[in-house]
Amino acid sequence: MTRRVPSPRLVDLDYAAELVEPGSTVTISGMTFIRNPVALVAGLVRRGVRDLCVVDREPGFALDVMAAAGLLRCVRAAMASFELYGLAPTVRRLAESGEIEYIEDVCGAVIAGLRAGAQGVPFMPARGLLGSDLLRLHEERWGTWRRIRDPWTGEELVAVRAIEPDYALIHVHASDPYGNAVIEGPRFEDELKIRAARRVIISAERIVDTEELRGFMHQLSATSIHVEAVVHAPRGAWPTAMPGLYQADYDAIRGYVEAARSGRAVEWVKTNLKRLMGGSG
Amino acid sequence: MTRRVPSPRLVDLDYAAELVEPGSTVTISGMTFIRNPVALVAGLVRRGVRDLCVVDREPGFALDVMAAAGLLRCVRAAMASFELYGLAPTVRRLAESGEIEYIEDVCGAVIAGLRAGAQGVPFMPARGLLGSDLLRLHEERWGTWRRIRDPWTGEELVAVRAIEPDYALIHVHASDPYGNAVIEGPRFEDELKIRAARRVIISAERIVDTEELRGFMHQLSATSIHVEAVVHAPRGAWPTAMPGLYQADYDAIRGYVEAARSGRAVEWVKTNLKRLMGGSG
Amino acid sequence: MTGRPTDHMIKCMARLIEQGDVVYHGLTSPLPVLAMVLARRVYGVDFTWTSVIEHLEPRVERVRLAPSTGDPYTEPDPVGILTTIDAFDLAAKGKLTTMFFGAAQVDEEGNTNLTAIGGYDRPRVKLPGGAATAYLFPLVPKIIVWARHEPRVLVKRVDFVTGPGRPRVEKGYRHLLCTNKALIEYTRDGPVLRMLLPGVTVEEVLENAAMEIRVPRSVEEMEPLTPEEKMVIEEHDPHGIRYMQRMG
Amino acid sequence: MTGRPTDHMIKCMARLIEQGDVVYHGLTSPLPVLAMVLARRVYGVDFTWTSVIEHLEPRVERVRLAPSTGDPYTEPDPVGILTTIDAFDLAAKGKLTTMFFGAAQVDEEGNTNLTAIGGYDRPRVKLPGGAATAYLFPLVPKIIVWARHEPRVLVKRVDFVTGPGRPRVEKGYRHLLCTNKALIEYTRDGPVLRMLLPGVTVEEVLENAAMEIRVPRSVEEMEPLTPEEKMVIEEHDPHGIRYMQRMG
């Protein structure tokens, strides 16, 4: 008798959204307008989970949707940008008004923190960072960085405390029902996020049979050991791009930006909710 | 006018062997009997480079050949094994007699040191390791580890000093003439070695045109930025296995072991030198 | 009896693999590989297979032993590659649950020696090295040490502590020893005999060890190999590579 | 004149890319992308192309701007994926040689501000964030800052130091500022005017800056765009996305 291991964990979008506790810290896949876990975020919007903190390197669309839907208490990011459309419009407004706490981080430091989280060590030494005014804020206010010395040479470095988000919401190209998953094209920090987070929820353009993975010798982006739930979400990154499958829908993104600038981001989200859920609704 | 970048660095085996300075520290690809850089090592044997130190996690065949040919001053490894054939026979003999210095390391610590080397930081914190008698040796004798404390919680950890070998000798499945290279199947620590080493020499089963790499969206194991020289070496891992291409030649390995046990390892190497060089001779 | 001591050791180790375990095997580990095969194929245990080969979940039916247990051809058709780096990070995060380790010496505290007999500097015998032992001993909740049941192996105190046993027991981690005579579990009161391999007596266990082993009132006796167990072991190791470890 | 100031900035930045450079561009970087295209296609410079897209060496002829410079469809057919993690490790090891950074403010020491105008806590304007600025400023041997040439941008002292300029100059790193009027280089004696964009006078450069800029005896004047330069820029940005940065 041969079993496949471990048990399948394929769930629907509502079930996945129920897994996320209010007040927790969430990291999301992709970057600005690429491979955002939009379907999973739409699930959270529909459920109305509150007081979340997002930690990410360069989030964009999905982050702003979460802010617009009133899901966020804080954002920790190196940049929250809509690129040539300007800043993430809702995040900007709420950060300026103080309605959400904004912790400005730095790319190299976010990577270092996620690395520590992924490796199971309490901190990661990092180069760079010295000399920026951000150092004082991270050391004194947020407690996220600390200056340390190389025990051998005495050189000053920055220790970045491990980032271990409660949840990682990751949109991938393909996954089997166990969470053995493949990302194609740019990875960003998603493989670190999968390893650093306490619980991982995957949405996938395509659910494949485990047998289909065999023989390809993929270096898997996620495995059954890391993943708690898998949602089938074709076009689940829309309107952000899914490398190799579909391009960013800049018309939709511009529509969102215009709505947000006139205070109607929530309406835009509600109107488009079904589409944002991809094929998983 | 469009150029490809940077300039090709495809060289022959002798040229590659000339790059390696006597007295330097070398790390090698693969593990025991899998994907060893045998052709490159055969090049070093033919040239007779001396006083090398090898640092690696679980080296096997190629390491012992280097020892047998009198190339080694020291070995730093977590295990030097010929698996069911026993210890690496020549390394064992020379370590017991004190003719080479043997620094016993630990898998997790070798990984941590290579990670630090690859990331450009002076050390890497690691869990585990506490409680072993190896800790005292690494702290007091070799200066490779040091106990530190997490600056936030005070928890005791081990800092592993960065491992930055002078050379990485890495056998891969395919490379373009610029060092954009692909390893299939198990990676071991080879991608870290490529990033941690000061100079990287690649041997490849197959030299591919850069255009052939495009469109595959490989996450490259090595890139032109990392690599200094590329050697075409079909069957360049023989008698160790090349995953997906050829299996380990256990008859040949057993022949080597028997020769080594009766003090004739050098003869075996000389007799088989042409074959050890793969198709690169 | 339907098997040699080596085969009984394999069965002993296989029975320690449980539902939900994430198991990793290293180099020179024919017995652990066959134990993993047995646990999956015969006992139907739902565990995750990882290893030094970096093949996650190979096709178990096609696993075959070779002189190297790092050989990717011995565990074909994996679901994907899971690097050792990745597996050891899982260990640091408490998610690698089960690991097997050989030992040239193992002592009353559960310390193992894979470094050298007779001290580091002038070893009487240089051993292969502990590999991941020192790293994983403090991290993995269930460790199964396997060793030959002889007085010079089961010692009072190892010559060199490659892997420290005492902190494992103190943390409440499971620390087990499979020999070619018995299964021994480390407790706060020291090593305790848990199971005798078929045909072995308590006296043999005690006489062939230089460490003190507690004998509780009830000690399980392992059932001899079933025909299915024997057949599966044979199928995956038709050339008897497992006997190269000289466990009888 | 054969181009707008934006196009001259692109040319100015392109000329700073040299043989052997390993160049990385980030998000919101249409000018750097076109500069990289120009350097490769028109000047034939042999540099390595990396970016936030993680496409190593895309097929340059097929690069096309979109509203995101992180969009993988804008830089197709790469030789492979080189992650940002990997690229930044190269930076830590001194192997990433050249990087472009925007700035909302840049000052006399070469400090840049991408965090907030008016201080962190009660910002008059919240800026997008420095992204990799604070990490890479101490590490990358050649940094090209681009900014609009206005007194509120080229300031005496930034409101917030996202990227510290002084340590760069002290280490002997190249620290350059391309504006829509001029190329300025930071030296131990402060910012020095190196080149005027076509049609710009020294007076305009000085009058539109709130920082002091030294003017050496000889200042190069940039040649207007050649037809080839203009054609290549147009080919890669036919919809004028580059003008969304409002550099003129």
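First chain written, first letter: the chains are A, B, C and D, and each begins at residue 1.
Heads up, the rule we're going with is that contacts are C-beta pairs under 8 Å (C-beta built on N, C-alpha and C of every residue); 3 or more make two chains touch, one makes a residue touch a chain.
Please read these numbers as outputs of a predicted model, since none were measured by experiment.
Participant: Count the touching C-beta pairs: is B-C or B-D ahead?
Facilitator: By the number of C-beta pairs in contact, the winner is B-C.
Participant: Nearest whole angstrom, what separates the Cα centre of chain B from the Cα centre of chain C?
Facilitator: Chain B and chain C have C-alpha centres separated by 28 Å.
Participant: Could you give the separation in Å between the centres of chain C and chain D, each centre being the mean of its C-alpha atoms?
Facilitator: That gives a centre separation of 59 Å.
Participant: Between chain A and chain C, what is the separation of their C-alpha centroids in Å?
Facilitator: Centres of chain A and chain C (C-alpha means) sit 40 Å apart.
Participant: Which residues of chain B are in contact with two or more other chains?
Facilitator: Those would be 120-121, 126-127, 185, 187, 217, 219, 243.
Participant: At which residue positions does chain D touch at least two other chains?
Facilitator: In chain D, 81, 83, 91-92 touch at least two other chains.
Participant: What are the touching chain pairs in this one?
Facilitator: Here the touching pairs of chains are A-B, A-C, A-D, B-C, B-D.
Participant: If you look only at chain A, which of its residues touch chain B in the complex?
Facilitator: It is residues 116, 120-127, 143, 146, 148, 150-153, 155, 157, 159, 161, 184-185, 187, 217, 219, 243-244 of chain A that touch chain B.
Participant: Contact residues on chain B for chain D in the complex?
Facilitator: 1-7, 118-121, 176, 180, 182, 195, 210, 213-220, 223-225
Participant: Note which residues of chain D are touching chain A in the complex, please.
Facilitator: 27-28, 30, 52-55, 66-73, 81, 83-85, 88, 91-92, 114-115, 120, 123, 125-139, 160-164, 166-167, 241, 244-245
Participant: Touching chain D in the complex: which residues of chain A?
Facilitator: Those residues of chain A that touch chain D are 31-34, 57-58, 77-81, 83-88, 92, 95-96, 102, 104-109, 111, 126-135, 137, 185-189, 192, 241, 243, 247-248, 250, 253-254.
Participant: List the residues on chain C that touch chain A in their complex, please.
Facilitator: 20, 22, 40-42, 44, 46-50, 56-57, 59-61, 77-83, 86, 89-95
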